[in-house]
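The data blocks that follow each hold one structure.
What follows is chain A paired twice: with chain B in the first complex and chain C in the second.
Presenting the complex of A and B:
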């Protein structure tokens, strides 16, 4: 459980909040590159960390992320015309470039310098992989660009999707480091999902429903090891990395692509779940890519033209009690992503952590909350740069390995949880 | 095939902040009857400092060794004030035992405690508090006996864990 003030500290990410300032130390996904597919395409509305923004790609291919509202009368620039190097407000024609600088105020005299003094808040927007990344902090302390492996490999080796989750980011994120729920909630998927099934590791998962856990600090966050019995007196370890504040990876299964998530606050009651899959040594097969597009694995089937899942709280996630009875879906909800989101959204927009009954198996979550709280307060009180800002911290992988009982998972798998470009993941 | 639900929007209504106001709001009892057992001298010091905090039902103990074959009566166990404690009694009613170690000298205690807890269906957790090389051996010593293991250099992890567990 958490005291109410700590719960508020961790869940509030708006401007001038401690966690909001923490998030503003990092590059984070703002949107998918597919949302701005070509030069001069329509702008999109975004809300990030409770700030309403508009993203656009100008006629020269420059990306911009600026205040959603025109400086003149507060009109949403989503209605703007993306034309000739800028976004023009359709109300009175004020025009802004990708830095938020006003270029034109048509009502002013031809030689007026008025526009030079009008500038909207703007943040950098940079394409790396399938994602457009932004940094919403102080420009003076802007860190180097992110180096997460899923965004560094060739386009044919990676796929990223996103979905809207109607809950605070923390309860979504906490699912990402909670290894113990997989054996129950996702047990059906281990047998049938095309992006999961067939791996030897699945047998260990299903045969040992009471894993042991080990939670170890890393430079960027944590490694959470879940240990199950394997044959010949060995242990099967599933190692989940967390890089602060909200990057997690799922341990791999066989030769399937490796996957993970970012959990990005939209506001305090909504977040984006970014889900990626990549293979470090080969292209995704057409079948794998299609399965991802169809919402298998960690991805979701979304309402066409939106990033809202087809199965959502308004239709009770298409609950199928017959499938639950058959054992096809443990919770009656189809798909790993929606199995998670349905339960996390059911907690309410911001779960009341003062009422929790945590158990020792929740130690990864307990430790992550502690690290976030300490980092947010150290930043606020002493200006300490938090873990996970340094791109070196991004170069981690999840792993699934079988080790002798006496070996420490982090010692034995030290190389396996680091990125070695072009080398396969450690997977069973 | 999805079946129709009788309350199409029940999730949508129940999960709103407005509906959350109607959740049952009764005081929660302490959840865990925790026994925190230090396995070596430095760990005993850490346990003493943690014991100074007010806890609902946590008991702090020091295991000074195991005589004989490690049976339940063989434990040399003391309370934080130095008074002798009988393990059988202290485990009765416990639902989690947190073993504290800073090196591997308590491996024998960890083994015997782990066995005693397993026989009684008591959850075990281990905290290895060390920033020195001895931590690896301590972790290895606790690994077979602690269902959850936290190697850490941060002493406050103990109180954070206990607070989270409502100990």
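Presenting the complex of A and C:
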């Protein structure tokens, strides 16, 4: 159970809320680079942290993220014309550059300085890897650019997708640090998914349904260790890093690419699930990349031209109870990503955590909530920079290792959960 | 046998003989003391065994660990100076007469 006021604190991320201010300390994904594919392409609408924005790429290739609405009379600039050096409102021709500065108000006299005094709210938008990143906080405290490994390896080694999830970010994120659901919900996928199957570790996963959890602090968040029995008096540990506020990685399986997520609040009742896969040593094979595009692994099959999953709330996620009976999908829903989103959306847009019943397997969730709460309050009350802002905190990996029973997981695997560029991940 | 005294919301007292080594939560549940649930079985995960330890016993019962701290911060209805999860307090001879107040409701 969680007290109601803490549930509100954790789930509300609009302007001037404590958690909203916390998110505004970090660089975070604003959209995929593929959404603005070329100079002068059409602008896109975006809502982030309950702010309505327009992203565009001007004729010179500069990226901008600005207030969605024209300063004149509030028209959506999604209707804007992406012209030479700026986005022009089609209503009365006001034109803005990528910093939100108004360049032209055609109705004014030629010698008027009116436009100089008009500026829309704007945020930086920077391409790193397949993602366009933004920072929505005070420019005076803008941190260095993010250094997550998935966005730093060569383009042929990485793939990122996104999907719209109709729930608060927090219940999506909590799924990302909850290893114990995998044995049940995703058991079908461990046997059949092309991006998961065949790893030795999958057997440990499926054979031991009672993982023991240990949680350790890291500089940027937590490492959640899930321990299952292996053979010969050893333990199989799956180690999930969380970098505050909303970056999580799934422990690897065999030599498959390694994957993870960002859980980005759109508003308090919707979020973007960014899903990435990369291999630190080699290019993704054509088969792997195609499987990702087709929505296997942690990715989703989306309605063409959108980021809404084909299987969604309006069609009961294409529930297939016969496939459930056959043992193909444990829940009857196809695909790892939609298995998660279907259940997380079923909780309602913001789950009432005053009614939940937690168990020891939820210890990672309890710890993460407490870290978020403390960081949000320390920022609000004392201006303390939260964990995860420093790019050094981004250089973590998940790991899946077999260790002697006597060893502490983090002592034994400390080196395995750090990024070593060009070196393989620790995985069984 | 050490005694543990549980005081309910309306002042009703339950004095119970306790087995040393067992937790204050288990002692309550075994003896049918109302208001202490212990849903997670004593793993400091559910916070349904919250009690307020009387001041004079506070130095004797020790301090909560990290996980208990987190739950006292986030999950109990009203955290006070003496707030503890009773599953994390072991009964011992020197705790004879330990008196705890039981909150009117558990999560």
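A few notes on this one:
What we mean here is this: the second predicted complex is superposed on the first by the 428 of 428 C-alpha atoms of A that agree within 3 Å, B and C clash if a C-alpha of one lies under 4 Å from a C-alpha of the other, contacts with A are read in each partner's own complex, and residues count from 1 in each chain.
Heads up, the rule we're going with is that a contact is a pair of C-beta atoms (placed from the backbone, for glycine too) under 8 Å apart; a residue touches a chain by one contact, two chains touch by 3 or more.
Because the structure is predicted, anything quoted here is derived from the model rather than measured.
Superposition of the two structures on chain A leads chain B and chain C into a clash. In the superposition on chain A, contact of A:424 is made with neither chain B nor chain C.
Of the two partner chains placed by the overlay, neither chain B nor chain C lies in contact with A:143. By the touch criterion defined above, A:391 lies against neither chain B nor chain C after alignment on the C-alpha atoms of chain A. When the two complexes are superposed, the chain touching more residues of chain A, out of chain B and chain C, is B.
Of the two partner chains placed by the overlay, chain B and chain C both lie in contact with A:363.
Contacts of A:1 after superposition: both chain B and chain C are touched. Of the two partner chains placed by superposition, A:42 touches none, neither chain B nor chain C. Counting contacts by the rule stated earlier, residues 1-2, 357-360, 362-363, 366-367, 369-370 of chain A appear in both its interface with chain B and its interface with chain C. Residues of chain B touching chain A in their complex: 1-3, 5, 7-12, 14-17, 19-20, 23, 28, 31, 96, 98, 123-125, 136, 139-140, 143-144, 146-153, 156-157, 160-161, 163-166. Of all residues in chain A, only 1-2, 166-167, 210, 212-217, 269, 313-322, 334, 342, 345-350, 352, 355, 357-363, 366-367, 369-370, 405-406, 408, 411 touch chain B in the complex they form. Residues 39-40, 43-48, 67, 70-71, 73-75, 77, 107 of chain C are the ones touching chain A in the complex. Chain A contributes residues 1-3, 6, 354, 357-360, 362-363, 366-367, 369-370, 373 to its touches with chain C in the complex.
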